[in-house]
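By letter and in written order, the chains are A, B, C, D and E; residue numbering begins at 1 in each of them.
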């Protein structure tokens, strides 16, 4: 099944998009579209898993190595879960959201396989374009739109800077294929090109000091849309980041220092700011920044182990935080809204505890193994002091994650809340996230094995 | 021939404790016959053991020994063992006889107390511990029994724990003796470090080749422990207060056995002390000082039991003097005789207190006429204590004096004679206060048969025991001889002087003696004695109150400072977070918003499209980019 | 060694583009700014032609000068309710300028110091025909082309969604 | 076999979780059954344990995350077998002690059983990451036990406990990974020999990282401030397990990791640990003397007792290390019993203030007797298990070259101060006239006596026959002492 | 002086920086969008210059430019749509401004 058969998962997602666009004509309208989308995404994920690693396509533009397959499967799975939840709990007209989400998934899947600058840029755009719309999905809520506008303008600025950097990168190396970069002779311009290129990627992954858009955008947007935007593209983003880093790191060592600076800044700033948040969306935004910091700490190690750890960690972050955001969408955006949640929905709250524990890094959950391999790579690269910073900040992260747990277990419910309409599919989606957090923790072996050391 | 029945001697009383422990009060009351009979059986066995070890004398192998492994540390076995040798056999007899007398006596004395069962259980446990200590041939087992006795004395002193007095006294006793025990622990560590075993024979045998300071450390430790247990100055403060316990218990513990354990252990381990001569002299000094000081304090006490308590301290001082002079035999012989007549005196005091319903001698008088047997036995005991001729006290004290003369410690002899004189004085003072003079209590009547029986037995032994001196010495393997005539004369003279002074002050008077006239004349010296030489005062303020304040301070320090510092780190982190958040909201945002609001003039509509906050974000982003670019260029360029 | 014709052309076009860019930034009136932007686009098209990218010049004129500029004006017109709204207050910001200048200086220094390996000059530059052929080669740019089409569709869906009238289920 | 001992309680947890709301009261029976079964298994393990060999027994060793070199390896040797048995025993007694818990019982017993999984796992784990997994796993249930069923300031105490231990353990994680990078393995048995090869500079830093992780748990001054809060606020069963088992994970960490793997690191830190240990002994005793809450008094006493264990460890000699293990086990028994007794008193009088309680002996003689017994045992009276640990630790410290003699003498003072605060507590609480609160309170019922009986038996058995415990620990500790050159 | 690659790059950089200034300082959303368009032009010029001088035969730069143009056009279109959406919803929500409208 070599050759263009490799693209079947992408095609399936495309079919999902089409279905969503013509949903009004197809059975089930919004709900049908979401369910179909979820099913197709799930099948796509299965297809990726089944396919063996194929050789590059389109003259090296798309490489289907194990890291790409891991990211494509992960992205498809995440969006499948999200779509399942939307099908159950989505209010109002959600078929456009389904379409846009699937577009973004497609973009992310391509992004993770792209080994050509042009393809990469286009895939990134395809992944982020729908995100702008999803952020401002509720047309009637002006704050939502304003948040989306801010996000859009800042994101456009950073992607233009990235494109400017990539243009220099192409200019200096003469080729757009990532494999072939040799910046040793390029002098200052080469470094500048790399720096500008990474600015865009930093912004996409919401790493400090380019993370400013995330808290405001998350706060303005609908929690269920934020759930998708903040998690699904992250894995692919990490792969793209790592792939570009790998291609330039050898010949431009300064880049790993830049990445290291950004990593430490993200860890400290992210955790520090999250401590004081009362809106869970802003808290998860800042925690996203912090986790990107951890991820980049491993990538900065510029070793095969570091890259694999970074990508695995992105997935280990994405799964629980998707579950948490979906819970936020159900329970309410403020920490107080979680008060007394345990008496209302014990199972869901237990799920939240598991997911938050994984974000903190409590074993035997997937977050712990993510952090373990990550610290191992970072220590291997001699970043002992920075690992200490990472370790301290993850203790701080325990402080603010626990606030949610404390509220849901011991808080007194402020206002009498109408019990949420029980929905099987909704809780199944959350349950899948919780299950994945637990199972992947115990079965970290095969996952890490699958990731292997594709990226040198 | 296997004499394993010897192990029964300590086992029987221990068994009675184990039997009585789980029972309810009523059940214990019904089984009250068990402890005394167990004790009597143990006494019989001790006598049998004594006969079996006759003629004694000094030879390598103990008559019987048994050992068992307690544990393995670093591969080496940690053994415990019992052994029967002449010293042990003799002391066993003494202890069991006194203990049996006390148990029988207690049947009468304690029968009205509803927790009587518990009293007998603990008494039996105590005796078991003492017997095990006597038989022990292993210093670790000795220490274990040593502390077990401490526990039993704590429980017995604090028997009436509803009252404030016994509660405080028991705690004081336990802690003061434990201060002493620390010395024992250090000695054990040094022994294990040097000899690698606690087996007494091996330890003594190898004592020569130890590291230089080791013998000193061990002997100092053992001395300190003995001072704690045998209430020598400065660790004597607990014994007078220990009188708050039941009198028969005091009779057994604070006359015959526990306090004597210190002397016994030092006697056993004397060869080690020989390797640290300085400690021997120190012991002699401590002994002499204690004998004299305790004697003085006994002379001013009004509580009959306190007088006897200080007298015990003083007599133990004498034993320490004997040990200091290097003669274990003299010390052990005095220990034996003292055990008999002091327990007799205590039991007598018990009867007196029951009769006079008070412990204060000033409210007693004229008991002689109504309690003939008690008076007789008590008189024999007092005379023995005073050191009058045919009685046991005279012989054992003289032996100590002869040893001292033989070792040329003339200064100490002076102290000892002075102390003996004092002893004679306060004994007569006590006798006259209690038995002569006007009766102050109504219907004085003789004690019950079960209480008088043991007292007469002890009185009989006190009469006879003196003459056993030389045979006792030979039994222990030393050549025994009668005290020289000169020494005998001197000590009788001293005793006579003491008794005479006693009679002159307190004897032959019709009305109650008032001592106010003497208080003025002796003035502050008298007050010092009454204040027990200010030992208690200094200990209370210095150690006890000091420790209270120190622990209050430590607790406050821990709750506020250490907790604060460590929590502080956490709160500091949150504070910086709040600071950063405020900065981000207020300053960065405010400035820009300020500008935006100013432009409100052009209609609210555009405000919506205002990109106030966005501007500053974009500036921050571009600023970051520019800064990074400069870094790259500068670093590259340089 | 390039002939004077291209030199002059480059000078003019460069001048025009920079002037209109500055014009756009300093224009008080938003509409004038839109026109300046149009001018920059056209100048850029000229430059592309100079750089032997004739197809791109055409694309630039069609896409930017045509569609995008119109869109700009269109949005401005809608959001302007009164004539004077167009006139915006002076919003010159020193920090902005400082940042931009330093950015330019940094890039300029980098470019000057940069070691650029020029490719071998062909005698005839590939024209629109080669561009067209190369575009759809499998090894060439068909994949980016497909992805670009998807991007456009996504943007279309987003734009339609945002501009849809509320209420229609 | 070991996997059963570790994961059997998980079955109980699932059963409790799935219990319908109406049968919540069945939870305690499920808990009792599972912990009893676990205890039986532990008993069989102890019985069939070959004391002579110092090697690991009942080993199961299978791949878990091969890529990262993490293995699922369980095994016990002379050091961990008694600890696993202690944990199994104390958990069953804790279940018995919380018979009257009526607030969300299913959740409560599920947490208790989850705690046992963690505790058994820590002592049985041979792979360092597995060790770390169980080490952290213990945090979550204990957090909930304190936060949900604790006293008035429970939330603060729970958070403080969680963050303190997490901070310590996170440094340990760095140490684990550093070891993996330096020596290439996570397996504790392999690491034991390899550590010596590391340069002493690295060993110094690694020892410091592990020291921080383990010292928080022991606890050692100045990292101990979480202990009094956690103890006072935790429910009885929580305190029993917290003091009985969780504190032992710290010293166990030292004995299993720090000493064998980093001998030179240990040598450079030896004197410092000895000083801290002796300071903890005296400081803990002094502070507990001034406490007004009896539970806080016992909590601080744990600081003092664990100070003896640390002194034993610092000595590095066979006697000292055996002493440390003896303190571990006997402190678990005595303090566990003390907390159970305090729990009984609290169930009746609903107060723990020493001022309010007095005259227990007359009113509730059985409880008073048992409390006095536990106090004398924890005071280190010969013939009871407390003395074994303290005596051997001090003996080992005296022999050890690394520990100065004067330090041991100050340590011996600790024995005196220990007696002081215990007697002072006994005198005010057990003796004297029954206060109005204590008056007409019922004496201990059968369940309570059965809860405490095994502890009394073990305290006496170990006290009289030291080999009951040393038979297990001596081979392992002698080997360790040789490794450390004590 | 040969009209080399540097000249074009300088010009492109100038345009890009100008656009960046606008993006950072302009108040109105539309103006910011236009500044971003200016930056896009700078990027395109940069790419075409590289294509002409570095890879004249393969014309990679030109293809790159084409796609960059498409993408930025799409983005700007979406941006304007967003601006209009805000405008429409704000106008309906701001009752008082409606009044002005009538006046």
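Note that contacts are C-beta pairs under 8 Å (C-beta built on N, C-alpha and C of every residue); 3 or more make two chains touch, one makes a residue touch a chain.
Quick caveat, the model's predicted, so the values are computed rather than measured.
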item	value
Chains in simultaneous contact with chain B and chain D	A
Intersection of contact partners for chain C and chain D	A, B
B-C or B-E, whichever has more C-beta pairs in contact	B-E
Identity of the chain that, by mean CA position, is farthest from chain E	B
Most central chain, judged by mean C-alpha position against the global CA mean	D
Reference chain C; chain at largest CA-centroid distance	B
Interchain centroid distance [CA atoms averaged], chain A/chain D, Å	42
Separation of chain A from chain B, taking each centre as the mean of its C-alpha atoms, in whole Å	74
Centre-to-centre distance between chain E and chain A (centres being mean Cα positions), rounded to whole Å	27
Computed distance of Cα centres, chain C from chain A, in Å	31
Multi-chain contact residues (two or more partners), chain C	79, 81, 88-89, 95-96, 99, 103, 106-107, 109-111, 113, 116-117, 119, 140-141, 144, 148, 151, 154-155, 158, 162
Numbers and ranges of chain A residues touching at least 2 other chains	118, 122, 125, 129, 132-133, 136, 139-140, 142, 145-146, 149, 153, 157, 168, 171, 174, 187-188, 191-192, 399
Touching two or more other chains - residues of chain D	163
Each pair of chains that touches, named by its two labels	A-B, A-C, A-D, A-E, B-C, B-D, B-E, C-E
Contact set on chain B toward chain C in their complex	599, 602-603, 605-606, 609, 619, 622-623, 625-626, 629-630, 633, 637
Of all residues in chain C, those that touch chain A in their complex	106-107, 109-111, 113-117, 119, 138-144, 147-148, 150-151, 153-155, 157-158, 161-162, 164, 166, 169
Complex interface listing, chain D residues touching chain A	63-68, 70, 129, 132-133, 136-137, 139-140, 144, 147-148, 155, 159, 162-163, 166-167, 170-171, 173-174, 177-178, 180-181
Chain B to chain D touching residues, read off their complex	69-75, 78, 143-144, 147-148, 151, 154, 158, 161-162, 164, 167-168, 171, 174-175, 178-179, 182, 185-186, 188-190, 192-193, 547-548, 550-552, 554-555, 558, 562-563, 565-567, 570
List of chain B residues in touch with chain E within their complex	596, 599, 603-606, 608-611, 614-615, 618-619, 622
